[in-house]
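In the two complexes that follow, chain A is the common piece, with chain B as its partner first and chain C second.
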Partner chain A sequence: MTEDTQRTTSATTSTPWVGLKAAAFWPLRLVMDLVDRPLAWLQATFGQRAMVVFFLLPNLAIFGIFVMLPLVINVIYSFTGGSALFLDERVGVGFEQYQTLFDCRDFTDPFSCRQDAFWAGVYNTLTFMLLQVPAVALTALITALVLNREMRGRGFWRAIFFFPVLLSPVVVGLIWKWILERNGLLNALLNGLGLEGTVWLGDSFWAMFWAIFVSTWAHMGFYTLILLAGLQSIPRDLYEAAAMDGTSRPRALLRITLPLLWPTMLVVLILALIRAVQIFDEVYVLTGGGPGTSTQMLVQYIYQTGFAALLRNLGLAAAASILMGLVLMVLTLLQLGIAARRSREVAG
Partner chain B sequence: MGAVRRFVLRRRGGDRWHWTDVVAWTWLVLGLILMLGPAIWLTLSSFKTRSALNEFPPTLLPLTTETRMVEGYEEPLELYRVTLEDGEERVLAQVRRVGIVAQMVDPDDPGERIDVPIAAREPVRTTELATENYTEPLERFAFLTFFYNSVFVTVMATVITLIVNSMAAFALSKYQFRGRGTVLIFILATLMVPLPVILVPIYVVINYLNLFDSLWGVILPTVATPTGVFLLRQYMLTIPDELIEAARMDKASEWKIYWRIILPLTAPALAVLAIFSVMWRWNDFLWPLVVLSQRELYTLQVGLNAFAGELNVQWHYVLAMTVLTMLPVVIIFVFLQRFITSGVASTGMK
Partner chain C sequence: MAHRHLKFALTLLAGTLLASPALAQTEIRIMWYSDGNEGEVVADLLERFEAEHPEIDIVLDEVAYQTIQENLPVQLESGRGPDIARVTNLQTLNEHWLDLRPYLDDPAYWEENFGSFLDWMRPAGSDAIPGFVTQLTVTGPFINATLFQQAGVEVPEQGATWEEWIPALRQVAEATGVPIPLAMDRSGHRFSGPAISYGAQLIDDEGNPVVPDDGIRAMAENIVNWHQDGTMAQELWGGVSGTTYVGANQEFANAEVVMYFSGSWQIAQFANQIGDAFDWWAVPNPCGTAACTGMAGGAGLVGIAYTEHPEEVATVMEYLASEPVIREFTARTLFLPAHAGLAASGVDYVSDDPNVARALDVFLAEVGRLEPKAIAMQAYRFNSILYGAIITRLGQVVAGELTLDDALARMEVDIADQIAEASR
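And then the complex of A and B:
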């Protein structure tokens, strides 16, 4: 009798969960225990060093095959031509691909270039960077300052601003495409205010505007969290001391918060820059690069040239991607340098 | 009135409202509308019928005009509430519209035609969810296939990511060996190489490996993540080495130590990485777009983009499919929001 009741209580409380967990992990457990035998043999024969190699191997192999090897192939590829895919069938052309990319009568006018789409991509990406990075940094800063205040439901508000970050670029692009439709919500709201709407994505100025807006909307929450972490590391007593001296809140913001937040802000700016150079998916889904080539970005040029075009030119795409990679490398080294300096400052 | 105002404006600590409070709350409310509004609008729209989607200005809720079969007419007719010239209000069915005049009949007595100026009629509307937006794509398009592909890629990539990255993190945190620093730098260096830079050569490598147009071609290049290795390594460094020494005394193999001792203790960090990996792989777009050319292999994101990019965008289907694509992420977010935001704040990864 007692045994029976015990069994029922344990069955109602913990067994379903434990059972479910055990069932989910059972195949994994089996595999992991099965490989133990050969691995124990490996360890016994070759020693612990072999095990270190074994633990590192899968990761390093994947990095090697899918990151390092491609880097080498990319360089070789950018010096070859033809339509063959595999390296041994491609013919060396020297700097021809790069010359094609830089074949311009007037570098300020993309249409005077042989690869006008490349230069359109370069200039659009530049425009995008110059406007989106400040926009995303500024909105994230304001949001972080607001969220850093003493208030109820801070977790809720933080979640609200972070929500779009998790949406896929395709979903982000489609949501806004729907809002910006001719019959869409935005035009309806403008109509309600007595204003005239327009075909937003059919106009090159507005298409770029919305590309920047949408991508700011989608990524702001991420940078907000980083800035928020930076704000929370500023010692509270600084503000208390300032309040004691009768410093006004705006003055405390300018004299205490912003200077102390600057290192974090620098990280945000560079992360945002690295992102902006690679901008592709949400803009591609939103505008398709159009109208014309007015929102076509550098990555879209690489994708179109190498993969989507009827006459695919992988060599040209490789050359363009190497040029982009150089820019990104400079930015990343800058970021690492700043991060190293910061950690030294913290340590010292 | 004064009491209400005091109640609304009351603050902890009894401070007066500062102008910065007003700015802050304006920003929050604006943010609430702007951040959540679009997704809510998408969801509301996805339940509208095709004709309701074409309406301008759009209504907030999915409304449809009621229809009714009327004797003598083959198609169901739309019902309108009509104010007649003598001021009487009646519900009539519209037969056709000629310019600014609508020809209507009484649905109960369809013999007599009544001409009504279109300004004097209002459609009879009810809220109706157009669930066919959701059910039809399931039957007519390969939506379920896309869904299955996405789930397969996400689950497989996440499982492999966890195993492969935790193995490397274990070796890098619990063993002293020559070249450890080099390996760490090597892994860190891969952070500098984002996908667009090596798009062409990865594609070539995938073709060498015969993985083009295969879901494994989508999965494999993504499973080793430098951020994942570092997150797990930092966490494993906090696990005391004595545990491992004790296990070695008991003649446990190194693999057993990894699998039976270290992994269970790393569970919190593994959970964070798992959540992120699911998000990354579910939302991946550019790489699957390049590697998958057959429609039946498309993941949701690629399929959705292809479908939305067709010449005649069938918004009623696209919106419903977008909602379904968004749904898993929203569910994860609602339940695991705290993990995600703290994970981002502490690792700076996304």
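And then the complex of A and C:
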């Protein structure tokens, strides 16, 4: 043993250092001992498999109290009427709220329905889904393909495209509202170019256009990241082999990139669909659901019916939210099915 | 060792004694919203109250109006909420107000000075004293008088009809390049005054809604026509959905509007925002075929039934409702007084702005011209349902989604459905 080792050894094994370590870790050791005893007893009594359930219990309890219980209460609310808040003060009305929602002369014409705002919300949400989801997926794909290339400042550009995702939806809505208003930036730019501006958010077509555009702009970065990860998981040697065979870049994109990226793209599409069904905040701030009801989405209808009106119709809002929840459940099951199939393919 | 223990005990005792006033203090929470400077003014008044009443600690929660409209009702429904609140939906939520009468030193003072407005906040037939109206408001128009002068157009006199005002507004807008001749708050309450001027009943003597009728139709036709011919801007009434409120304060303050139909509560805000940038005048309500009325309104300060400190709440309310305090509040906030004594003796408003003085004179005179229906609506329990249905459906007509006939038919169904739901 060298002198240095002797000094080190004596330093680490000397009584004051050992005492200090013991004092510092004593509380932790105490907690570990306290926790270990009951856990050891549980494992001895119920077996190792039961420990899985035990460790999942806290999360399940939180999930049960904050997700399942409100869901059950919401279902019960949808079978009640009146403006009272507490269930025991509400009146049972059976399926009346659902009947009110489905009371239509012609389901293809929202304005023939008793709750025309609900059906306007359904059709607007459907329109939004059908247009915004492909738009965001395509934009994210093109951006991911570009950002996947070797270029200077790639990290910077990736951050730039992701930045809108970090903004609050209210901020996004407000910024674009100010840009698009009568005296906003867009009209000022157009006037500067000698063109005439317009009241963008006062026209049904343009209001929906900008709602889709703003939502795409705000969320594209998130999906770009997912697709970028998918692109980077494609083996490079496939492209090298294709290059050696003289395959052109467009052909490589169609024959290698897109097929291998397809599972990731499916995930993006499902996530975008779920988000599109739930769209509310950005559009509400941007257009307020107007003009008229032309950009009023389903979630806004639920919010206005159940919360914004002074005499709240909680039963009707609950019924509408249950119907929306069923749609979301279908989409979620679809996503789970695709994910399970992908896992099987990877494992196989 | 004993010395150390003694020091510790003495320190503990001293701390307890020092903390005892705080421990003995009763906390009273007031939920308050502001249109102008009234938050500042009431905070100042409450500081003086606390100096005189060290046993009461007042926490003034200044919130957005939307919080009062959306969050407070839910809190009240759950049996919680502040001890006192400043609200505008005095009638609709009256089941949650505390009857202060048993705790007041002088209930007769309240009956004498606030009596005519107590019915706005208590159930029909009740003699409860839930609070007091902090200010009376009247709806009516403001004009940018500078624009009239620049355009060389005379301001129509009192008694002028809407049919006389509109061409003048359009002429001024055209001559000065202002984009919006007329703006009106997107509010059923604002619409109702002119509708009554065209003969609208809104409710009959039994309290049943009479919507739509010829008066509603006449004013609705005006609104639709004014949007179609560019007198009113599409993005205000037609730009949002449902019952969403949209005001045009900012547009008026930025001199983009010739006439802004709103109400007397804007005076303090305009005095602050516009100042002497241009002359802004309140003008008498334009006339319809039946009257020339605005709508009465106001905010009230009410005790909440779920308070744990009703005596202290009554003490605070008595202070704020006392004549000297309410006189100072009214003078500094530039509101119309709802206190009968103040209304009779007059108020020395704190402002050198001639526009303020003129506006207050005009609105005070408008109080005397209010139609009985325009006052009675404030005491109608389902007034928010009527206003909401009117504005929702008219907004759809302006946006081109419904015809006026469809909208009027749907208003009737909406009102019937919602009243039935609320009455369950």
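In the analysis below, the second predicted complex is superposed on the first by the 287 of 348 C-alpha atoms of A that agree within 3 Å, B and C clash if a C-alpha of one lies under 4 Å from a C-alpha of the other, contacts with A are read in each partner's own complex, and residues count from 1 in each chain.
By definition in this document, contacts are C-beta pairs under 8 Å (C-beta built on N, C-alpha and C of every residue); 3 or more make two chains touch, one makes a residue touch a chain.
These numbers come from a predicted model, not from an experiment.
**Q** Looking at the overlay, what does A:Pro58 touch: chain B (first), chain C (second), both, or neither?
**A** The answer is first: A:Pro58 touches chain B but not chain C.
**Q** After superposing on the shared chain, does chain C or chain B touch more chain A residues?
**A** B
**Q** Would you sort A:Leu71 into first (chain B), second (chain C), both or neither based on which partner it touches?
**A** In the superposition, A:Leu71 touches chain B alone.
**Q** Looking at A:Phe307 after the superposition, I want to know if it touches chain B, chain C, both of them or none. Which is it: first, second, both, neither?
**A** Both chain B and chain C are touched by A:Phe307.
**Q** Is A:Gly202 touching the first partner chain B, the second partner chain C, both, or neither of them?
**A** second
**Q** Report for A:Leu85: first if it touches chain B alone, second if chain C alone, otherwise both or neither.
**A** Both chain B and chain C are touched by A:Leu85.
**Q** One more residue to check, A:Gly288. First (chain B), second (chain C), both or neither?
**A** both
**Q** Given the touch rule stated above, what does A:Leu39 touch, chain B (first), chain C (second), both, or neither?
**A** Touch status of A:Leu39: first partner only.
**Q** Quick check for you: in the superposed arrangement, does A:Gln132 touch first (chain B), second (chain C), both or neither?
**A** A:Gln132 sits against neither chain B nor chain C.
**Q** Go through the superposed model and pick first if A:Ala317 touches only chain B, second if only chain C, both, or neither.
**A** first
**Q** Using the superposition on A, tell me which residues of chain A are in contact with chain B and, in the other complex, with chain C.
**A** 85-86, 181, 183, 288, 307
**Q** Write out the stretch or stretches of chain B touching chain A in their complex.
**A** Per the touch definition, chain B meets chain A at residues 12, 18, 20, 23-24, 27-28, 31-32, 34-36, 38-39, 41-42, 45, 53-58, 159, 163-165, 167-168, 170-172, 175, 177, 183, 186-187, 190-194, 196-205, 207-208, 220-221, 223-224, 229, 253-256, 258-259, 279, 282-283, 285-286, 289-290, 301, 304-305, 308-309, 315, 318-319, 322, 325-326, 329, 332-333, 337-338, 340-341, 344-346, 348, 350.
**Q** For the complex, which residues does chain A have touching chain C?
**A** 81-86, 91, 93, 100, 111, 114, 116-117, 181-183, 199, 201-202, 204, 287-296, 300, 304, 307-313, 315-316
**Q** Over in the complex, which chain A residues touch chain B? Could you list them?
**A** Going through chain A, the ones touching chain B are 28, 32, 35-36, 39-40, 43, 48-49, 51-52, 55-56, 58-60, 62-63, 65-74, 77, 85-87, 142-143, 146, 149-151, 155, 157-171, 173-179, 181, 183-185, 187-188, 191-192, 217, 221-222, 225-226, 228-229, 249-250, 267, 271, 274, 278, 280-281, 285, 288, 299, 302-303, 306-307, 314, 317-318, 321-322, 324-325, 328-329, 332-333.
**Q** Going by the contact rule set out above, which residues of chain C touch chain A in the complex?
**A** Residues 69-70, 73-74, 77-78, 89, 92, 179, 233-235, 238-244, 246, 256, 382, 384-385, 388, 392, 395-396, 398-402, 406, 410, 413, 417-418, 421-422, 424.
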